[in-house]
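Per-chain numbering from 1; labels A, B, C and D assigned in written order.
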Amino acid sequence: MTDKRLSMRDAIARYVQDGMSVAIEGFTACICFAAGHEIIRQRRRNLTLIRMTPDLIYDQMIAAGVARRLIFSYLGNPGVGSLNAIRRAVEQGIPQPLELEEYSHYGMVGRYIAGASRLPFFPLRSYAGSDMPRVNPLIRTVEDPYSGAPIAVVPPLNPDVAIIHAQRADVSGNTQLWGLIGSQKEVAFAARRRIVVVEEIVDEAVIRSDPNRTIIPGLIVDAVVHEPFGAHPSYAQGYYDRDNQFYLEWDRISRDHQQVVAWLEEWVYGVPDRAAYLEKLGAERLARLKPAPAPAAPVDYGAYQ
Amino acid sequence: MTDKRLSMRDAIARYVQDGMSVAIEGFTACICFAAGHEIIRQRRRNLTLIRMTPDLIYDQMIAAGVARRLIFSYLGNPGVGSLNAIRRAVEQGIPQPLELEEYSHYGMVGRYIAGASRLPFFPLRSYAGSDMPRVNPLIRTVEDPYSGAPIAVVPPLNPDVAIIHAQRADVSGNTQLWGLIGSQKEVAFAARRRIVVVEEIVDEAVIRSDPNRTIIPGLIVDAVVHEPFGAHPSYAQGYYDRDNQFYLEWDRISRDHQQVVAWLEEWVYGVPDRAAYLEKLGAERLARLKPAPAPAAPVDYGAYQ
Amino acid sequence: MSYTAAEMMIVAAARALAGARTVFVGVGLPNIACNLARRTIAPDLELIYEAGVYGARPARLPLSIGDPTLVTGATAVMSQADLFGLYLQGGLVDVALLGGAQIDRFGNLNTTVIGDYAHPKVRLPGSGGACEIAANARRTFIIMRLTRRAFVERLDFITSPGHLDGGDSRQRLGLPGAGPDLVVTDMALFDFASPDREMQLIAAHPGVTIEQVREAVGWNLRLADHVTETPPPTPDELRVVREELDPEGIYR
Amino acid sequence: MSYTAAEMMIVAAARALAGARTVFVGVGLPNIACNLARRTIAPDLELIYEAGVYGARPARLPLSIGDPTLVTGATAVMSQADLFGLYLQGGLVDVALLGGAQIDRFGNLNTTVIGDYAHPKVRLPGSGGACEIAANARRTFIIMRLTRRAFVERLDFITSPGHLDGGDSRQRLGLPGAGPDLVVTDMALFDFASPDREMQLIAAHPGVTIEQVREAVGWNLRLADHVTETPPPTPDELRVVREELDPEGIYR
């Protein structure tokens, strides 16, 4: 079994290059802020960022100037309000213009599925009667050969790199994820390279004890990064809660570009890595995010010898 | 929470009528022989039987004369040889002719997916260069609107009834399945009615302790049948092994229609229900099929209060 | 017993969920409305969250659509491929609650831009799942505050289809769901029951006049044959909202 | 050291798996060949089973494609939608092993019927996953016994495409995988290395003459420039097969 463990710094240095398309997925849960911050720190430029819900992490990355283009389906600070930095880039070109390519959620999921399964398109019953196809020529229709009726399709999406945060993996990247699984599996299979970031590295035997829980096989994983609390201020089910205080603070900070610059200086450029970020955040704050236990009922696979 | 428990007799009497299309799925694992035998016992006729791998259960049902048509992708006694009764129906019309409608495995999966997600078709990279579309006019092509190249499609499949065997469910039909999950989820969502048959009825709290394991929600379930060993001679992961001795015996029995009739008389018509079948089989034979424990590693969802 | 406009909206939406088996819901006010319905007139109602959760039993008020409290103790948690493909597009959503920055007389919604798409005055969040929810849910309820800026003659952008140009234009396009059924605002309720599917006032909330409603709508509003007064929240409804669902009064 | 024809087939197939990372495999002889390769020249080879299993570590010889011993201790177990969509059609299968009742000179396979489709003399199992495996795997190896009934001038039915009419006809049809690479039989080995993709004899097993091979093929067989003799199984290969993989000699 190949040991694919790398530090976040090395994983980003090796796999994320200027001009690439990068997907850091995770629907509200398991959003890999640690990877986003490292991309900012390494001053990548002209990236195409891909994510259904850009969330705070892309607001920060776009404010930091790493991206030229955004492929997405919903721009929001979930439960709070707008993504102010992205709005500033779109409405005012600050710090630089940002091209948008937008879909509905299921359209993005469908693009990942088509990309992952080498299909030329993914059909879905969305977009009829909407203006979305008018502003996005990649949303097309095909004729159903059974009824003759038109149906919308979206093309495959194959990001150069996908970065997936999860609860646990073994050193070769066999990865298990629970709670909200979003489109983590689909984007991982669709991408050309995959970096898996986990709360815990576990023995291969742990993975093999529950093979139905394995969402991403090591077969397609290029790097495994062990980064506890790597999804803060989002969360990892069973490990920590969302740090909602930060989501509210960001709404205030992000209203002003200079404040964002100062925040990036302090919390991203000003710390060498995630460990330093967590130390700066303080153990007490992290401890407050820990949930009480809620174990899954046991399951037995049976030994067949 | 509605209590949907029924005896197998009542579930079949209520939901499986002459002339319906019926899918008893389960790829090698969790094949609901208990339901198939009850359908034979209730002497249903003119059914369209749907299953990727008809296996012994459909060999028995077709020999018993319940079916007029078979939609499938692979006719075999897995690991042993042919399905002799089905061959006899196709090659010699014994006990009656059988219409065949055939796909590849992925074509069947795609038909279920399209049926489950209300899509007019499912595209797949199979069938090019094969004679299968020539003999099945429902396998068609559409033109990819991005490249102009043709791609094969299959139409949706919506069985009147799907019968799903699984390890556990609560009384309202929230169902968890592990080991080989085949296309059980897809066929359940595609069907108009669903009967879930389980090894164990568990408290709702067991299901809710591990929601990622829930494959079929009670929302779509019409009846829950508690039938331990209901998949014998196939198996339920963690509960019992395949009874390979029977798979070998069937190869011998099924070579002669009269022997099949005698077997059905003794093991299906001759027993009132599954409990009687199991008693006839003997506790010792069942005990030999029990595996040693192989528990899954624990998983914690966290209590967020 | 006094109550706020938000409480009136929550209560009115909850009552309309009678008979529904499943509801596709976001957080905030719609979330409270659905949970109120479960505790009152629709005890078997199951909540489906866009994040991939069916049958949530949150131990606290969820702060976002993907709050971990929605996952723990839920009946089923699934990929978004399954959520959108099997549950929503598969036809299992009875009612969905939607909102928007702009709505027109046929219940079409804009959540994309104010102004020109290429050079927007305000860049809004975009579709999220709204475009497919509007297409696939059997019925949709729209919940938004009634203002002239929101209820407009012409949308800047159609994100999510309602009754399109009215009449049978929605069916002709082959949309699986029946479209908007009810609009719940802070001043009044509207439906689309007429054959041409144009929004019509069916009830004004207590203390609101028909004239005030007309004033807040950006087109010549049609009235139903019998415009009634919305029955105010009952003490029991208010108790559930205030004591159980939103004890900190976040959405009051 | 003596050995059977089946053992020669197992060993020859195993050797050809050198360098492969993943193999899509059925039970029986191909299963033993793959496990032999893992224990000898391809220690990192991972087995993918049609039933939905990746990285199986069977504790016993599996009796069927869906044996529970393939599940327990595997790296990943998935739905067949994921198996066929993400793993196979997604392009993650390096080599697949196929067989058939009939094969033609371009490696096309028949597993559907002998005789006319509507009124078959023999109804065979059908495609199973073979049609998509043949389309999508990067390369395929075909394993079958060499007889004149099986190696035919013209198939009764093309279930799974090989090199179709030869030459670039496969690429012209847009099939993602490169098609058949090797045919392993109990008498000889064949490849398709010539530009017209016609099957050619590359090696005869020890004790088999080229004439005997020609006799068993239903068309005028082409020979490679240098037909060699297959190196016989080594004592080590035979030891692994007999002691570890098939101790009861089921597939001998």
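The rule is simple: a contact is a pair of C-beta atoms (placed from the backbone, for glycine too) under 8 Å apart; a residue touches a chain by one contact, two chains touch by 3 or more.
All values reported here derive from a predicted model rather than from experimental measurement.
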Chain at maximum distance from chain D, centres defined as averaged CA atoms: C
Computed distance of Cα centres, chain D from chain B, in Å: 29
Rounded Å distance, chain C centre to chain D centre (Cα mean): 57
Centre-to-centre distance between chain B and chain A (centres being mean Cα positions), rounded to whole Å: 37
In chain D, residues with contacts to at least two other chains: 53, 67-68, 71-73, 77-78, 85, 89, 136, 176
Contacts with 2+ other chains: residues of chain B: 113, 118-119, 124-125, 149, 178-179, 181, 185, 209, 212, 237, 241, 291, 294, 301-305
Interchain contacts (touch definition) - all pairs: A-B, A-C, A-D, B-C, B-D
Residue numbers on chain B that touch chain A, as the complex places them: 118-121, 123-125, 140-147, 149, 151, 153, 155, 178-179, 181, 202, 206, 209-210, 212-213, 237-239, 241, 291-305
Footprint of chain C on chain B - complex, ascending: 2, 113, 116-119, 174, 185, 189, 207-209, 211-212, 214, 217-220, 301-305
Contacting residues of chain D [partner chain B, same complex]: 27-28, 50-53, 62-68, 71-73, 77-81, 84-85, 88-89, 108, 112, 117-118, 120-132, 135-136, 157-161, 164, 170, 173-176
Chain C-facing residues of chain A, complex: 27-29, 52-53, 72-76, 78-80, 82, 86-87, 90-91, 102-107, 109, 113, 124-132, 135, 149-150, 178-183, 185-186, 235, 237, 241-242, 244, 247, 291, 294
In the complex, chain C residues that touch chain B: 21-22, 44, 46, 53-55, 57, 59-60, 67-69, 71-78, 82, 85-86, 89-92, 136, 176
